[in-house]
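Sharing a structure below in structure tokens format, with a few things to ask.
Here the chain labels run A, B, C and D in written order, and each chain numbers its own residues starting at 1.
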Amino acid sequence: MKKIIDAVDTIVDQALDGMVIAYPEYLQRVEGTSVLARRVPKGTGKVGLVSGGGSGHEPAHAGYVGYGMLDAAVAGEVFTSPTPDQVYAGIKAADHGAGVLLVVKNYTGDVMNFDIARELADADGIATEVVLVNDDIAVQDSLYTTGRRGIAGTVFVHKIAGATAEEGASLATVKAVGDEVVANIASMGFALTSCTVPANGKPTFELGENEIEMGVGIHGEPGIERMPMMSAADLTAFLYHRLVEELALVPNERVAAMVNSMGATPGIELAIMAGHLAALVKGSQLSLEKVLMGEFMTSLEMAGASLTLLRLDDTRARRLGAACDTPALRVVTH
Amino acid sequence: MPSMKQVTFRDLWQRFAELVHENKSVLNDLDAAIGDADHGSNMDRGLEKAVEALNASPEGSLRADAKLIGMTLMSTVGGASGALWGSGMLKFAAALPDAPEVTWADFVNALGAFVEALSKRGQAVAGDKTMMDVFLPAMVEIQAQLSDEESLPASMVRLADQAKAWSDGTRDLVAKRGRAAYLGERSAGHIDPGSLSSAFWFEALAGAVGQQ
Amino acid sequence: MKKIIDAVDTIVDQALDGMVIAYPEYLQRVEGTSVLARRVPKGTGKVGLVSGGGSGHEPAHAGYVGYGMLDAAVAGEVFTSPTPDQVYAGIKAADHGAGVLLVVKNYTGDVMNFDIARELADADGIATEVVLVNDDIAVQDSLYTTGRRGIAGTVFVHKIAGATAEEGASLATVKAVGDEVVANIASMGFALTSCTVPANGKPTFELGENEIEMGVGIHGEPGIERMPMMSAADLTAFLYHRLVEELALVPNERVAAMVNSMGATPGIELAIMAGHLAALVKGSQLSLEKVLMGEFMTSLEMAGASLTLLRLDDTRARRLGAACDTPALRVVTH
Amino acid sequence: MPSMKQVTFRDLWQRFAELVHENKSVLNDLDAAIGDADHGSNMDRGLEKAVEALNASPEGSLRADAKLIGMTLMSTVGGASGALWGSGMLKFAAALPDAPEVTWADFVNALGAFVEALSKRGQAVAGDKTMMDVFLPAMVEIQAQLSDEESLPASMVRLADQAKAWSDGTRDLVAKRGRAAYLGERSAGHIDPGSLSSAFWFEALAGAVGQQ
């Protein structure tokens, strides 16, 4: 394992301080915690948004703290959900009297730790709601199991729920909007290489020179199957058709898309996927109104990509296009 | 009626921490196969802190120790196991009398509260391929042992072996809870890491009880 | 070689179209060329800025096309400087009657191809100037050789010269400002892994599990030496002290810095470097006024990073902070 | 006085393109050691297009062919070698009479213009570890051959061998120009890729002249 670090157990702490060094206009660290909150807090009476999870998904989640998106991000150890006390510190930092929405990716660890934090907030009289993101369609949903995982589509929830909160909507409304986004996103990704969890020191899995892991999770969890490597056209089509089917998109509907790098995949490869995506969207007579392309939800240095589709309506389209100003996503309106 | 002294309780956690530390990469590797490769690191991080906290805390009651362990695990482990062990141990503490020595029955009762907290928090049942596949049958055994004549040390050694076997038994299961559940059928063929660390807890218990 | 591509020889062409798909508000492709130009061109009478070079450095260079930075970016094949006809097409797209500044990284191929393009522009009556960027201090300068390479510091030239052009300055002034930036930047990087040039199909070099290539170029060219892997602290200090010495920075001077990923290095590792950087800057009693952290000038999927320091004065600081709106760099002023 | 027909000139470029294509990864590997691993890909891309363009172009004059080659290389090779071969061949064309067959003296004269263009564009001198380390001595030899009695085919075979040796000789040099110059002393010990592709050009010339 070759990484630019000093010691495995100080990675997250050091990285949090480093984020503040790099983005002092945006971020401040809540003293003694692993919470990064807005440098300039939102006005009183507006709903706060908190997200978080294990580290190693940069720019998620602190990269989305700022005007129009999150109020605080809570970081756990690499790929390990944060503990309830940390989440609770995030809730307090984000509370401006109108309650706090927690955007949680559907992993047992995250769900339980955020739940315990909510119990703490409850005892302190801070109202909270949760939006549970489960956009990864690689994993079959089932009543009997944990359900689907949350992956890159989470960023759309941050953006649209964040814009709603900025408008001054109530906690119930912001939650409802978040849930609606979740109901209209689907994502799926694949890995060309594994990542190496620092505390583990070796790649989580091994792939042959001609193999990919299809439907991989964002923590190096295995996906649906090992497949032979495919062309960019085939990879994009493979994901795209499943997403369209899952969302039951029909001609003339409007969509936004995200072409997300797992970490190591270079920009030119994402752009090639974006090109195929546009052609596929055209082929299904959908209207592609927005593409987010780049690193949004990574898995350390994993090579690979994920594709997300979001069904748009007027309101979601407007909120997706609303101004925001965060370290990782800035929408400039003219 | 046997009892458990605070020193034994601390010894149990010291042993548990050591077992997890020695098997950190074994646990990570099991987690790599069906999860995210961090279960050993998570438990090790938390247990190191918990033992540190115990050592720094004046001796008083098992209940205070259990609460300290619960709080420490809750705030240092993270992930699914942190929430489970953390809330479990807090309930364990709440169920214990506040004394430097408790009866074996008190201890078993508190363990019942621990397992109940896990069920509530995690919603897993037997066969879901989680740590419950060790703790649920172990609870039955340890309760049965209460009315048994077998010596406590010997029965705990037997329980530790059983725990190891129950953990091994998760290999054939298809996960229904936790991160491994996302794999569906592909989760079969690998031991659940949380069940193995749980078996270590029973190994530690046997060791501590054997020394007392 | 496992890459998300369709065929080696269509990579750049497809990626250029994909960039337009992802950033339709910012970019358009000049028909039949490998030039991406601003969707909304700059007003008449303002100096145009063109940069470019081989592909594989994404977001460079098309990522910097937009308000406040470049007017057109010219893409060559992966790691191969673009041909003169393409550069000339870029010049024509960027010309709004006040001449065009070419920002060229100092590589023989780039220099010669941009020179030939200038001869073509000259014949057509378009005034051009060149700013040659040579910020890589790993390579010793010498009158007898090609001089130093241009690497990530180039982005500071785009930003500051771009802001100057947007202010309406003359071609001579924009060039002078660009030259002044070049005189005040120094960069150096290292690689933890090689990248794989698609046309070549295998890693350009091999590094042992405990080896790094110090002073590596952005095309996988070897650097100054193989060194054993170091901690983040040592790596940052190694680069930092050389940069400070090269720029002869003295206490109380003001600097901006860039912590640039070579491609695969995750955000947390960059943030750890940023933390060390801030401490080092403090130690030398310099004032760190701006940090750019992320992927600015990559080498495909190479793991590693580079550090750039830029000496600031009032004017450069103001222009660095001026509003800009491009795919890869957006400065929102409030 | 020997001459060169258009068919021979085209044959030369056909052969050159084939040699580069066959040795594409050899050239890339040499470039990987001291540059950016693309010299083979660059030259191959351009030469394939140049030969395509020649084949699609009606026969007329060597000058038109040379110009077509220059334009094609200029707009398809890229990098240092694209600028050099491109501008070199345009000057080569300009120096040739506009005829379907030129004298050998015309050809050598045009080659002189080619080398001069390379010098001007690239500023490299002998010993800088570039393609000039083949073209500069080759120019001296080919000019001397003009007044020699040795048969042209035989002397071109000898020149091709010499070109190979000159290219090999770049191994010991420390690069002063081009991307390899950034390596300083570390550039020694590797053959310059551009010198080898240049040697292929002389091999192609010998082959074409031998067939004519």
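Assume a contact is a pair of C-beta atoms (placed from the backbone, for glycine too) under 8 Å apart; a residue touches a chain by one contact, two chains touch by 3 or more.
In this text, all values refer to a predicted model and were calculated from it rather than measured experimentally.
Peer 1: How many Å are there between the centre of chain C and the centre of chain D, using C-alpha atoms for each centre?
Peer 2: 32
Peer 1: So the centre of each chain is just the mean of its C-alpha atoms; given that, what is the distance between chain A and chain D in Å?
Peer 2: 54
Peer 1: Among the residues of chain C, pick out those that touch two or more other chains and give their numbers.
Peer 2: Residues 78 of chain C each touch two or more of the other chains.
Peer 1: Hey, how would you classify the chain contact layout here, line, ring, star, complete or other?
Peer 2: Looks like a simple chain-to-chain line, open at both ends.
Peer 1: Run through the chains and report each pair that touches.
Peer 2: The complete list of chain pairs in contact reads A-B, A-C, C-D.
Peer 1: If you look only at chain C, which of its residues touch chain A in the complex?
Peer 2: Answer in residue numbers: 2-6, 11-12, 14-19, 21-23, 55-56, 58-59, 63, 78, 192-193, 209-210, 212, 229, 231-233, 235, 259, 263-275, 277-278, 288, 291-293, 295, 298, 300-301, 303, 305, 325, 330, 332.
Peer 1: Can you tell me which positions in chain D touch chain C when the two form their complex?
Peer 2: Per the touch definition, chain D meets chain C at residues 25, 28, 32-38, 40-42, 45, 74-84, 86-87, 121-122, 175-179, 181-184, 186.
Peer 1: Which residues of chain C touch chain D in the complex?
Peer 2: Per the touch definition, chain C meets chain D at residues 9, 54, 76-86, 107-109, 112-113, 115-116, 136, 138-140, 144-146, 148-149, 197, 199-200, 204-205, 217, 219-222.
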